[in-house]
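Read the structure below first, then the notes.
Chain naming follows the written order as A, B, C, D, E, F, G and H, and within any one chain the residues start at number 1.
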Amino acid sequence: GYAKVDHHREIRNGFPEVIYCEGKTIDQVKGITLAMIQRGSSILGTRASKDVYEGVLEIAPDAVYHASAKCIVVNPKTQQLHPERTIAVVTAGTSDISVAEEAAVTAETFGQKVDRIYDVGVAGLHRLLAQLDRLRKAHVVIVVAGMEGALASVVGGLVDRPVIAVPTSIGYGASFNGLAALLTMLNSCASGVSVVNIDNGFGAAYTACLMIKD
Amino acid sequence: GYAKVDHHREIRNGFPEVIYCEGKTIDQVKGITLAMIQRGSSILGTRASKDVYEGVLEIAPDAVYHASAKCIVVNPKTQQLHPERTIAVVTAGTSDISVAEEAAVTAETFGQKVDRIYDVGVAGLHRLLAQLDRLRKAHVVIVVAGMEGALASVVGGLVDRPVIAVPTSIGYGASFNGLAALLTMLNSCASGVSVVNIDNGFGAAYTACLMIKD
Amino acid sequence: GYAKVDHHREIRNGFPEVIYCEGKTIDQVKGITLAMIQRGSSILGTRASKDVYEGVLEIAPDAVYHASAKCIVVNPKTQQLHPERTIAVVTAGTSDISVAEEAAVTAETFGQKVDRIYDVGVAGLHRLLAQLDRLRKAHVVIVVAGMEGALASVVGGLVDRPVIAVPTSIGYGASFNGLAALLTMLNSCASGVSVVNIDNGFGAAYTACLMIKD
Amino acid sequence: GYAKVDHHREIRNGFPEVIYCEGKTIDQVKGITLAMIQRGSSILGTRASKDVYEGVLEIAPDAVYHASAKCIVVNPKTQQLHPERTIAVVTAGTSDISVAEEAAVTAETFGQKVDRIYDVGVAGLHRLLAQLDRLRKAHVVIVVAGMEGALASVVGGLVDRPVIAVPTSIGYGASFNGLAALLTMLNSCASGVSVVNIDNGFGAAYTACLMIKD
Amino acid sequence: GYAKVDHHREIRNGFPEVIYCEGKTIDQVKGITLAMIQRGSSILGTRASKDVYEGVLEIAPDAVYHASAKCIVVNPKTQQLHPERTIAVVTAGTSDISVAEEAAVTAETFGQKVDRIYDVGVAGLHRLLAQLDRLRKAHVVIVVAGMEGALASVVGGLVDRPVIAVPTSIGYGASFNGLAALLTMLNSCASGVSVVNIDNGFGAAYTACLMIKD
Amino acid sequence: GYAKVDHHREIRNGFPEVIYCEGKTIDQVKGITLAMIQRGSSILGTRASKDVYEGVLEIAPDAVYHASAKCIVVNPKTQQLHPERTIAVVTAGTSDISVAEEAAVTAETFGQKVDRIYDVGVAGLHRLLAQLDRLRKAHVVIVVAGMEGALASVVGGLVDRPVIAVPTSIGYGASFNGLAALLTMLNSCASGVSVVNIDNGFGAAYTACLMIKD
Amino acid sequence: GYAKVDHHREIRNGFPEVIYCEGKTIDQVKGITLAMIQRGSSILGTRASKDVYEGVLEIAPDAVYHASAKCIVVNPKTQQLHPERTIAVVTAGTSDISVAEEAAVTAETFGQKVDRIYDVGVAGLHRLLAQLDRLRKAHVVIVVAGMEGALASVVGGLVDRPVIAVPTSIGYGASFNGLAALLTMLNSCASGVSVVNIDNGFGAAYTACLMIKD
Amino acid sequence: GYAKVDHHREIRNGFPEVIYCEGKTIDQVKGITLAMIQRGSSILGTRASKDVYEGVLEIAPDAVYHASAKCIVVNPKTQQLHPERTIAVVTAGTSDISVAEEAAVTAETFGQKVDRIYDVGVAGLHRLLAQLDRLRKAHVVIVVAGMEGALASVVGGLVDRPVIAVPTSIGYGASFNGLAALLTMLNSCASGVSVVNIDNGFGAAYTACLMIKD
């Protein structure tokens, strides 16, 4: 077929290629999955609908579906990436959780422990401050926030570790599908904050895992 | 001349017309000032350069120039708008101070007391929390912030009074001259926050004074 | 569950947390509603479909649905916020009414009287001028307008009270889903106008109620 | 030289070609002027600095400079375009006057009478309503406004003649150099309003004169 | 009900109010239609689906539906607006025809003759030049074009009458739903071109009719 | 130094590296020029001020400065790229000429003959049609236009050769520094038109020369 | 009917008119097809759904449907455009293939050989470098890429032939439906790259074929 | 004074507060510097002109000025952050070097070794591939690129460490002052790439140092 699976990626980049299922047919996803199973890869399919999962089940009966994350996982890494290190995944609201779960499931598939700290947006600061200990224990913090995305700056000012900010498309009107949160995060007055694409939980976790594994 | 000074405004809208000096010649500003002096108005000129001030001095020897605010004041209100009420004017950084001063001087010209709380941006949250008492005493809070503008949301979540957010053009790159801060503030996850134009300290104070005077 | 309801908000911010139903499952909304009922809160759910309402009815049989506003109300405040004060809610066209109703229902849920003045856009100025008395009696005016949003400036020039402008996404082509109206309102040549997010009737009413309650 | 003066334009389009001086050298403007003088054309140079005017004076000693309009006129039409018809040129503020003057001088050069109605923006509606008679006498109305540009809609709702709206780059922040006014005018809820480019006083007057001459 | 039909509009603005059906319920359209029938108005409903038409038929059995224009007409003007004058409605492609028809039907409802010149875009210039006579006979020309909208400039350079340009949302990719055509038309190097909103055939015809009726 | 001159480019890409002088110091330009002279390269410096040219003269006394194009040329190709083929460089206005000259000088430095056809914008179509023969003789046509950029589409419809469109930043207001012309050209309804960056005369000529040389 | 098929185009522009099916009814497409069949034209319908194809089959039983390309072909050219020349069509990912196929099918319909090189995006550079020979054999290279569109620059630096870049709307978030890839390609630091509209595979192939046929 | 230096930052965030000199007066910078000197902090002033440096020299005679980076350094860290780890700072062109130097000087001030790899943009891929060893030795890679910013994706695909991408404002036309490069980097098809604000060399280095120090 036309797809050229980048089997070499794990050696070159540290982690296996991941299947971005959006816009692929069920057959295409199955084909790529099969090729990767045959090489013994861990398999992660992101942006996968329930239907795609059911297709994958036919060739990988032990595939697991994480509904909120919209991820399919087959044969995840069983060895911990780094036993003493944690990634904190933090969200501003409950609507940001599915993007956060894409990040969390990605990290877990790569063998990495995650600490989920959800719904601690800055409108009720006490909720965030109550979790300060957990935040400060993390080796990297992924902050997932839509609307105005202010949480990344506040967290960035509270920790001494890198913060990866994920703007989400949650919001309406002048949120312009995540543009407002994206700009907020890029302009963060707190240092140590870098940013990935809108809704890109996967990319944030991939980057975080690179930091973890050393 | 062509200008139609809206002398009727104080009766209709509660405060006298204010002279926006940007793009007006010194003679135009002097002309309008004279017309207003003759009617006994308080006079506030915003966005005024030192040169404009020197012109105005010729016809109004007691005019005062507030350099950081770039405001000229003649004959300010001496009666307090409301003796028990305060407007807090808060800034995220030191670069936002000149916009904040435009707000503060506007309010003071209208007879209103101001509490200045500057350089308390969210990257160092302890600086803001240390001022919580002053913030909570205010009848209205004006939050002035550039870059990512997150301060408005954090303040909005801490007080039970209206917050007027003023995005500033401070920043670079993806701040797009204040657009990032503007979008942040419009999307604030804290309720009770409304927004005025980028760098519009005057407008924020005018609105705040309308709330104060009842 | 993951949601951290901010029960503390009423004390801190003056009004209880409000449930933004868009993008939440029926079960999530029911869960949050239940938690708030148990604490005796007034409950307001915005952007709620008929289906969500029916779900809520199961646990709150006296819940009321305001179809045009798309709001669910349980246990509204019965005590008036301030008996002598009114919020005027004004719209430019008939298509802006549902956003206006979100504002009106929000205020009423918080115990505040509302005066609805609808379909008085500037293309037929006599319709607006005919309502001048009602406008001038209001303590705050909420102006709801889409397309070019000019109504906010005209109203701002006619009253001596704060105007909260709500741009709506009504329009087509170069209205860019409310962006045109938003920019119009931010640039208002009338002083005393502040702006909330596109279609954010709730936010306007919340801010207005903060002004009312003192 | 490289420039191909479109001498045929008056026959084809009704009015002679006009020299847009911005970005042309003084020598280029003089060259084009000379070519047009030799054919007996009326000459209008727009966006002309004082320096360009002084250059033109050397070859056209009766050239007149309209400083506020930044226009050079040589040999204007002496015959009235239509003796009974007037173009009203209306501005919102005093800062919009130079664009309005570009429109007025263009029309006058083409032999057309103009009624100037300046500084009647919607923030003080009584100023506009006081001029209703003059407005309604016009055959076409040109509305020149920056900031939020709401004046076009209000005028459009008051007259039964075509309104040509000219957004200006006057304003700051979210006016985005005239974009806000442009969008306002394109979305006007009043019918009969069409729009030209930001600051294009010339284009508005040209179009108006086409309407006048029949 | 809430709608305030502007019955006074015909006297003030020259033509009756027109019903914009998009986003109105069938009952709302019927209600407004009824109120206008009772006053003997001509009725034009734009952006009307077949369903809305069927609803209107119940109360106005002689209502006519123009499917391509998506317009409902009841009781059109029978007296010609001006017997010797024509509006030419020109399109670049066949996909622009429905916007052109909105313009044509609007004009015809107001009693005005229209000359339709369709599918003469600049990619095949001979098609346009073949219609030069018809173009030059028109009192006003409405140019309807999507994609790059270049037709307005070319027509503007060929006629000595006003051109009203209507950008359409036809196109894809960098047409940004009509934005490209809109900008093209606003920047037209041909004089005498003014512009209305994207897809606003109605507005173009309304303006054209104001020019026709004198 | 830090610069790594890509001497290998001529072999790999067909033409030598070109020095983009904007933002480089005179010393940097001189350094790169020297390195290229030593290898016997043809040298083209674009966006060069008179000052940079004078610096280069010190090390390359036969350097030539093309003022309108803002180009420095040393040691141009003397062998014709293809004796029977011509590139037509066409502009809409006289203000677009300097971008056109950047294209023309680039091609000439690479040994390619150019036919300049300037000031033939679509507002006066007869000027363009009068040059049809020259246009149709060209092997490639470069169309340089600002404001609305419609010329690219019209030329594209008249020739059977590739058209390379160069939007220019000429214009004001809604031309947004060339964005309007760029969008026009990308959406061209004529086939065979491809587009380079705003004001990128160099890039257009480079691409054209690749087509010429085969 | 209203459509004016440009039968003259093949003589004037080198290739027959192509039917853009998006937004046309099945009957319209059939009508145009019939008119072209009668003249013996090759027929290419782009953006055609299966349904449109089935309609066309009724009048052209030998019509072929290319599902991935969404193209209908009737009576393709049988004579090769140029036997020794090839167009390489290159994609970054598998999701870009349908746009690439529109390009490939267009070229093949015009009698031109195509070399497909798919899924060689820059994240795994070895995949691209492995195809260097095929790339360098091509007379023109069409690069089709979404997301960040970096492939065009990399290819542009590796070949000495013109590169036509086609941004695709593949991606999410800050890809803004192809805008990111479009800007990338317009700013390419590699020379010899020109750009067509987002997803415009047809236009790229048309331009490439003009280069091939000489 | 008004400035509240965040002396606590080093403890909380790992590195001392840094002085952003843009828009501050010389006196303000001197004041903040003095306060920090008194506490024994390392001092880094970014975006500092030569004039500001001269002011600082008066109070800190051993201050060093890095002209290309526009940075003032007083009392840099002498202890290495991590002796075995390197940050590679990579640029696409020579014009990106000053942003890269801001990054490099920041890291060096914090005690971190930097490997500079400049002018290796993707238009000449061999230049980058020649540095592959150095790239792969780095613990973090900072990629600094303007124009289309493609280098970040290519580097991201070649290394197994985190890449921090810094878009620069280098370019013209459709680079929109760095927006094109920013979007490219956010949409990178290579995983492990996160992004900071346009021209934000400081922020990239700060984040990189957090990764280094563990």
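Just so we're on the same page, a contact is a pair of C-beta atoms (placed from the backbone, for glycine too) under 8 Å apart; a residue touches a chain by one contact, two chains touch by 3 or more.
As the structure is a prediction and not an experimental result, all values here were calculated from the model.
Colleague: Along touching chains only, what is the step distance from subunit D to subunit H?
Modeller: The fewest steps needed to get from subunit D to subunit H is 2.
Colleague: Among the other chains, which touch subunit B and subunit H together?
Modeller: The common neighbours are A.
Colleague: Among A-H, E-F or B-D, whose interface repeats B-H's (more than half the contact pairs identical)?
Modeller: Answer for B-H: the repeating interface is B-D.
Colleague: Return the chain whose centre of C-alpha atoms lies at maximal distance from the corresponding centre of subunit D.
Modeller: A
Colleague: Taking each chain's centre as its mean C-alpha position, how far apart are subunit D and subunit E in Å?
Modeller: 26
Colleague: Centroid of subunit B to centroid of subunit E, CA atoms only: how many Å?
Modeller: Roughly 46 Å, centre to centre.
Colleague: Roughly how many whole angstrom separate the Cα centroids of subunit F and subunit H?
Modeller: Distance between chain centres, rounded to whole Å: 35 Å.
Colleague: Tell me, which residues of subunit C touch at least two other chains?
Modeller: Residues 12, 123-124, 157-158, 173-175, 179, 182, 186-187, 190-191, 197 of subunit C each touch two or more of the other chains.
Colleague: Please list, in label order, each pair of chains that touches.
Modeller: All touching pairs, sorted by chain label, are A-B, A-C, A-G, A-H, B-C, B-D, B-H, C-D, C-E, D-E, D-F, E-F, E-G, F-G, F-H, G-H.
Colleague: Note which residues of subunit E are touching subunit D in the complex, please.
Modeller: 12-15, 18, 157-162, 164, 182, 186-187, 190-197, 202-204, 206-207, 210-211
Colleague: Which positions of subunit F touch subunit H when the two form their complex?
Modeller: It is residues 2-4, 6, 8-9, 12, 22-24, 28, 167, 169, 177-179, 182, 197-200 of subunit F that touch subunit H.
Colleague: Flag every residue of subunit G that touches subunit H in the complex, lowest number first.
Modeller: 92-93, 121-125, 147-150, 153-154, 156-158, 171, 173-176, 179-181, 183-191
Colleague: Contact residues on subunit F for subunit D in the complex?
Modeller: Going by the criterion above, the answer is residues 94-95, 97, 116, 118-120, 123-124, 126-127, 170, 172-175.
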